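There are two complexes below, and they share chain A, which is joined by chain B in the first and by chain C in the second.
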Partner chain A sequence: MSSIASTTDTELGRDARRLPGDPDVWIFIFAELLMFGAFFVAYIVNWMGHREVYTAAQTTLDRSFGLINTIFLIVSSWSVVSALKAARANRPRHVAPFLGFAIALGISFMGVKYFEYSAKLDSGIDLTTDDFHMFYFCLTGIHLLHVIAGTVILIVCWTNARQGAYHRDNIRGLETGASYWHMVDLLWIFLFPLLYLLR
Partner chain B sequence: MDEKLRLRYQLICAWCGPAFLLTFVFFWGFVGHNIPNPSPDLTAEALKSRYLADLGEIRLGFIMSLITVCFYMPWTCVLAAQMRRIEGSEMPVLSYLQLIGGALTVMVVSFSAVFWVVAAFRPDAPASTFQMMTDTGWLIIDLCYCCTTLQMVAAALVGLADKSKVPLFPRWVCYLTIWCGISFFPASLTGVLKTGPFAWNGALSYYIPYFCWLCWFGTASIYMIKEIRRRMTVSEVAMPSGRLAHGAV
Partner chain C sequence: MIVILRQPHHRTLLVLVLATAAAFWMRSDNLVGLGIGASTLAIAYWKGRLVILDFMELRHAPLIWRALIEGWLLLVCGLIFAFYAVGQGAL
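Let's look at the complex of A and B:
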């Protein structure tokens, strides 16, 4: 009995220690995080040099757009976690609806960005206006590309989930997609305060 | 052509990779004064002075880099052949994509360097000509990166599908390759920006993506050379028994 318990504990311990999804994908995710880390450092260095100019330019940003998108991404990450929990609990039919909800939030994020960019461009502000707006458009634009890529990955997972592909014994693909989506969310969690709130 | 000779040519082609890497960094980067490269924000007169101050070196660097960039071609061919073996001989689309991506990379790099050679060709030309040629060269090399990105992604996808006992590339190299390929995307911003980290002399559009590209190139070369050496060893072990069998007959 005790040997069974210790074996299970060991397996659980090993399971908790292992990286979710394909371990090699984590090289890609860490490289992405490093790249964005370089973006953030570049922004902060420039911000420190021209703090007043950046703060003045920052007032043109609509924080409510940023806040709505933050909520969208956090809720979408919760939805993806719920999909994973359903798969782990061997309830394959519950996986697809959670992923569908996360995809809808990802698309909503793109919609909000469309309105945000349109408002900026209509008022004559673009990435050549000043250094702050150059960073704003470049960093949020590159992040938006990641949101699009992440949504495509979630759509692939959703298509598989609708066929009941994800369950206790086949979860790696879903974990890989979820890890990428959480990375996209994490990057926004840094990006939002950096661009919209930091004064 | 017998197996031994074929493998030897393959090995020479694969060693063209490190040869490209070293000569590109040396001639294009250092001798051509591209490390650091000129800022797009320089005035036409300042840019012309920059050329005239090191005219001989800039001419030598870019003319030599136009020769040595061709090391990229045999390397691309040997990678295409290795990919084709993994992908199968029927419709090896990704191998073709890698091949054409590599060939176009050579042309993109060559064209940009030709514009800088043209700029240095007539030192008495107006400063605006120097500026126009420099702009054209940089915008060609920075905006046409997708040929190289597709080359890298194609190589990575085939690498990930490799089910051999000893695969051509480890899986982590394949994922890193995809990332290195897409790290070029910020370079598209060089078409608009003249200052900051996304301009063509900035860290995020120049130093990081180019470093990633060359890192991928070096890493892939190591694994390609290893693969050919493995095949050479297998071939050498198989050869004596083949001769014996032939002799016995």
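Let's look at the complex of A and C:
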């Protein structure tokens, strides 16, 4: 478990025990994790009291949408890691394509969410339908706002990368954007099983 | 394929995709019960830890930050599992 990936200090190109990116973004990330953690616990506590409602409502979700979006975010996170590795290896021209791929996957995530929300609203289901759908629309909606913000951050990084800005000696901005994007991925890793799978 | 998997982040990607497929399969095969739910949560915990350590690179971060984020993961997963088990009548 502990060694699926073991990025060495040599690969990182600097001393051990270093926080990637701007330390301030990690305070923000931790605050976001605490907020979503409270949402997750609130959801499961509410599930305890309304299991039948949740089980029936969950059947209206298309799990394939959730699966596709999970894969989109996982692959986009991998692509951002690949961009970082290219910058650290002093191959600045290889950074932008990886970021562009991650941005495309982020936009694809939004597209899937658009179809998912449209199907629900067209069939008369909204956040007032029942407790499950209240949580479903609120949690995925707040997460979607984070996907949009993360995609905008990646677009800024991509614009810089196209000008060759990221290389071994200038990596902090890219690390900061990458850390935020991985947080968006991490949050969805819990939203997917909570809303689509667990019953 | 084997050459590609020599890169740690490629291996992490493969494991994350396979774990996602496993969790999806468990649900789509209409398996039910505490064991299935617990397995789904365990997979989510494992995937989350891989993202934290390998993608967010906290494996090499100062210990306080690694402890904070991994602590969050453990706490949230523990609470979700505890309430889920109570809901299933197991606790």
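Throughout what follows, the second predicted complex is superposed on the first by the 183 of 199 C-alpha atoms of A that agree within 3 Å, B and C clash if a C-alpha of one lies under 4 Å from a C-alpha of the other, contacts with A are read in each partner's own complex, and residues count from 1 in each chain.
In this text, contacts are C-beta pairs under 8 Å (C-beta built on N, C-alpha and C of every residue); 3 or more make two chains touch, one makes a residue touch a chain.
Computed from a predicted model, the values in this text were never measured in an experiment.
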Three-chain arrangement built on chain A, chain B and chain C clash or fit: fit
Partner chain in contact with A:Met35 - chain B first, chain C second, else both or neither: first
Greater chain A contact set [chain C / chain B]: C
Chain B versus chain C as contact partner of A:Val25, first or second or both or neither: first
Touched partner set for A:Tyr196, first chain B, second chain C, both or neither: second
Superposition-derived minimum Cα distance between chain C and chain B (Å): 14
Chain A residues contacted in one complex by chain B, in the other by chain C: none
Chain A contact footprint on chain B (complex, rising order): 170-172, 174-176, 178-180, 183, 185-186, 189, 192-193, 195-198, 203-204, 208
Chain A residues touching chain B - in the complex, by the definition given at the top: 22, 24-25, 27-28, 31-32, 35, 38-39, 42, 46, 127-128, 131, 134-135, 138, 142, 145
Of all residues in chain C, those that touch chain A in their complex: 8-13, 15-17, 20, 23-24, 26-28, 32, 37, 40-41, 43-44, 46-57, 59-63, 65, 68-69, 72, 75-76, 79-80, 83-84, 86-87
Complex contact set, residues of chain A against chain C: 1-2, 4-7, 9, 12, 16-20, 26, 29-30, 33-34, 37, 40-41, 44-45, 47-48, 51, 63, 67, 70-71, 74-75, 77-78, 80-82, 85, 179, 182-183, 185-186, 189-190, 192-194, 196-199
